[in-house]
Amino acid sequence: MTGAEITAGGVADWVRGFAAAVAEAKDELTALDSAIGDADHGINMHRGMQAVVQKLDADQPGDVPSLMKAVGMTLISKVGGAGGPLYGTLFLKFGQAAPPDAMTPDDFATCLDAAVAGVQARGKAEPGDKTMIDALLPAAAALRAALGGGSGLGAALAAAADAAEEGARDTIPLVARKGRASYLGERSAGHQDPGATSSALLVRCAARTWTD
Amino acid sequence: MKKLINDPGAVVDEALRGFAAAHPDLVRVNHDPKYIVRADSPVQGKVGVLSGGGSGHEPMHGGFVGRGMLDAACPGEVFTSPTPDQMYEATKAVDGGAGVLHIVKNYTGDVLNFEMAADMAKEESIQVEAVVTDDDVAVQDSLYTAGRRGVGVTVLAEKIVGAAAEEGKDLATCADLCRRVNAEGRSMGMALTSCTVPAAGKPTFELGDDEMEIGIGIHGEPGRERRSLEPARDIVRRLAEPILQDLPFASGDRVLAFVNGMGGTPLLELYLVYNELREVLAEHGVEVMRSLIGPYITSLEMAGCSITLLRMDDEMIRLWDAPVHTPGLRWGA
Amino acid sequence: MKKLINDPGAVVDEALRGFAAAHPDLVRVNHDPKYIVRADSPVQGKVGVLSGGGSGHEPMHGGFVGRGMLDAACPGEVFTSPTPDQMYEATKAVDGGAGVLHIVKNYTGDVLNFEMAADMAKEESIQVEAVVTDDDVAVQDSLYTAGRRGVGVTVLAEKIVGAAAEEGKDLATCADLCRRVNAEGRSMGMALTSCTVPAAGKPTFELGDDEMEIGIGIHGEPGRERRSLEPARDIVRRLAEPILQDLPFASGDRVLAFVNGMGGTPLLELYLVYNELREVLAEHGVEVMRSLIGPYITSLEMAGCSITLLRMDDEMIRLWDAPVHTPGLRWGA
Amino acid sequence: MTGAEITAGGVADWVRGFAAAVAEAKDELTALDSAIGDADHGINMHRGMQAVVQKLDADQPGDVPSLMKAVGMTLISKVGGAGGPLYGTLFLKFGQAAPPDAMTPDDFATCLDAAVAGVQARGKAEPGDKTMIDALLPAAAALRAALGGGSGLGAALAAAADAAEEGARDTIPLVARKGRASYLGERSAGHQDPGATSSALLVRCAARTWTD
């Protein structure tokens, strides 16, 4: 599809695409969580996104706000751990910021900002704490910058995905200050954060969904 | 992975069915969402004491549901905190009108999910107070981090606060007592082996035949540092000294000494560890009033142990001795 | 070898010191020769119930010393039966004038050493009766062999006979009851991993990552056969079916179902095993009156489980429910 | 020393020699017990014989009956398991059959017969049950035969030791009917019995003690 108009159907494709990508990355995410966490991030996210897909298969809301609310509530009630409330909040807030009908690239950026702000409000993480935030904040910034610079949605999302992946990679040297990894202190350095990795995957899936 | 299981994804559900069948006199189990409540709940006029967390720590928490301890426990997936709907439904199920105390171990996931549940319960105008336990001295604490983990003290808090609630103490009093127990207790743990999350299928970390992890949590996380294996007497000092210094415990203090098995370490070794611990405490003039030795807050089949010391006042001792009747802890009944 | 120990030769002694320190209200420990007796022994006019065996099976036997169960336990070296002087001294220490019952697990070493001790005690004109437990259906029995091993039923016999002795039953009655419990009970066990005798330093046998041993005892011996790993539901059938057929248990029989952990298997898995066992028993119309689930007769850190079924009459049920107050088993007190 | 006269001192050397040999064979005996037992035979025998040596160092009785009684009682109170009572009985019975003063090779054979009979009475094992008996009975028979054939004590004991070792080796194919190994049923075949092995060692030590 092309990026001009963002429909609920497109957003649903994005979510389903993320579910598929998580299924593929499940073991990698769990392996990352084994190194600095408790070896369940991939398992948790996969369980949650499978439930989301089932939910959408059963009945898929026709507007973005209700769609993302369904996604968020499902994650909150199916994932548990830190990932559940945080990703749940991300989708809930995204939906709450979305217009009832089809939206523009700028609307999308606004929704992403709201989503990231929601995750920060929930988890109290600052940039550099070695969390999802380290992938999400750069992504949101890059998206705005690219759109402001006149790129189409597809190119802008690609830039956002690149920024997210770079942000995830940049968590490697960080010493975690939030989440389970923080218990390791210095030992948390040298490993990429699993949540940042799954968040980068989420943005990459958006870029795959909307291409110019 | 060598486990007595069927489908790795069904472990918690199937074990819960076995648990329900084994203890119908003590507990009722709800399967969707998953929670365990006292068979006689809600107890009218009594504060409900609720806890929960990932599975894989058995007997904690489900094994502590019963008279004189927990009214409800919410089991998550293995090592994954439960979801808000579990705590929300369980809170409603055990509210006897006097409100419900949530005892939450300090992990981001547990804290966030319990927060959401408390918000939902309050919307139904159920009084909820949450106390977060964070007794693990292995974790450097700071304003900017997630803080310390809740470990061994959680078991002691559930017993002591459960007894207070049974006595009819009100929500505020139970919450204060729980905070006091948490404030007076410190823990540290170590691992001889890793453990395997069923759904992951392989050990969370690899340890050499002559290595151990010091300062581990209860989720198979690696600890603060990896060292080469030592005699029990040295390991006990590595755990006990930081605990003693952190509170700090002073000569003349009266404590409950809790030697906990991580799941794969036999009782024989835990008693040997307790023998070493007594000597260290004696050197510091710390008096052991009560002891608890066994696997009570475990990390699946991990081999290792943790030590928890709780400075007890007379009230805590009385409440510790009060009758308790649960699948995992029972006396006076 | 990864264990929380100091000197491998001192494990039993050091653990015993920790045990004595942890339970001064319940037991007295003698160190040379090694035995554990009830704190209030000898109980005048009461039959003394004594058991013993190699160490490494904790909580059995020492953890079962206390009111309503054992008067004395004699711990040998790890997996090595105790020596006659231990049983002889312990017998003298707990004889309250009504004689002493020796509950002996059927192993050549245990039988021979208990025999010698009984001979010594009789020379002091102390009445001694010995009952040998041999409930392990994994062992083909025959006139010409050492016969079957004594395993899980021993725990149940110690509880039930201990309650009878507490009630004041005489020696002959206690001995008959013990024989009846042994006759009505059957067990079988399996291992997912081996275990390491501290003094030996390496695992007694090697098992592949996808292998298990079926029909093991409690000393890290290999079992009747080695098979590739299976889901819990199939393993439970492999253990339960031979047990059911051997007695045989019939539809309508009322049983105590005992799912025992071998030491390294977490409670989560034992409850899952119990869930499967219930289904098998239901298919056979066998009614579970009581259950016991946990590590009670262990084989050091071995991962695995055993299943014991005991056909109970009303008297056995009443005696099972009677108060017991020991470090390892406690209710009604 | 030469074999004509068997003194209490010589018997003590034999016992001490056995203690040293067991110390050396400890791991091998335990390994054999790992295969078909509970991995403690070497540990048990070593613990027991160390205690015996201590006992003799403290005070060593000057006559064979009291010497062997001390050895047997020490083993009974220090070894445990099946080995303790069986080896304890072996030495007790040997001593009970011995004359108060120095003995002849025939006396020695009489004592060994009594010792083996004692072990059989205790353990109820028949030849072929895969036990100590399978080493001890052939040894006692070979000793008598050799002495009857006119060999000196040293040669006769060497023949007895050879017979004991052959008897121990011959336990390999046997299916155990006594002791722990019997629990294995068919699986006990293919392994040499640890007790038969330590018993052969005991006879070999006698042959090393008394040489013509």
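Chains: A, B, C and D, in written order; residue numbering restarts at 1 for each.
The rule is simple: a contact is a pair of C-beta atoms (placed from the backbone, for glycine too) under 8 Å apart; a residue touches a chain by one contact, two chains touch by 3 or more.
These figures come from a predicted structure and were not determined experimentally.
Chemist: Which chains end up together, and which apart, when chain C is taken out?
Modeler: In the absence of chain C, as far as touching goes, the chains form A, B | D.
Chemist: Quick check: how many Å separate the C-alpha centres of chain C and chain D?
Modeler: 32
Chemist: State, to the nearest whole Å, the distance from the C-alpha centre of chain A to the C-alpha centre of chain D.
Modeler: So the centroids are 75 Å from each other.
Chemist: Suppose each chain is reduced to the average of its Cα coordinates; what separation in Å results between chain B and chain D?
Modeler: 55
Chemist: Determine the centre-to-centre distance between chain B and chain C, using the mean Cα coordinates as centres, and give it in whole Å.
Modeler: A distance of 29 Å separates the two centres.
Chemist: Would you pick out the residues of chain B that each touch at least 2 other chains?
Modeler: Within chain B, residues 78 contact more than one other chain.
Chemist: Counting only residues that touch at least 2 other chains, which ones in chain A make the list?
Modeler: In chain A, nothing touches at least two other chains.
Chemist: So that we know how the chains sit together, what is the shape of their touch graph: line, ring, star, complete or other?
Modeler: Contact pattern: an open line, chains touching in sequence.
Chemist: So which chains actually touch one another? I want all the pairs, not just one.
Modeler: Those chain pairs satisfying the definition are A-B, B-C, C-D.
Chemist: Going by the contact rule set out above, which residues of chain D touch chain C in the complex?
Modeler: It is residues 30, 34, 36-40, 43-44, 47, 76-86, 122-123, 126, 129, 177-180, 182-185, 187 of chain D that touch chain C.
Chemist: In their shared complex, at which residues does chain C touch chain D?
Modeler: Per the touch definition, chain C meets chain D at residues 33, 54, 76-85, 107-109, 112-113, 115-116, 136, 138-140, 142, 144-146, 149, 197, 199-200, 204-205, 217, 219-222, 224-225.
Chemist: Help me check something: in the complex, which residues belonging to chain B touch chain C?
Modeler: Against chain C, the touching part of chain B is residues 2-7, 11-12, 14-19, 21-22, 55-56, 58-59, 63, 78, 192-193, 209, 212, 229, 231-233, 235, 263-276, 278, 291, 293, 295, 298, 300-301, 303-305, 330-333.
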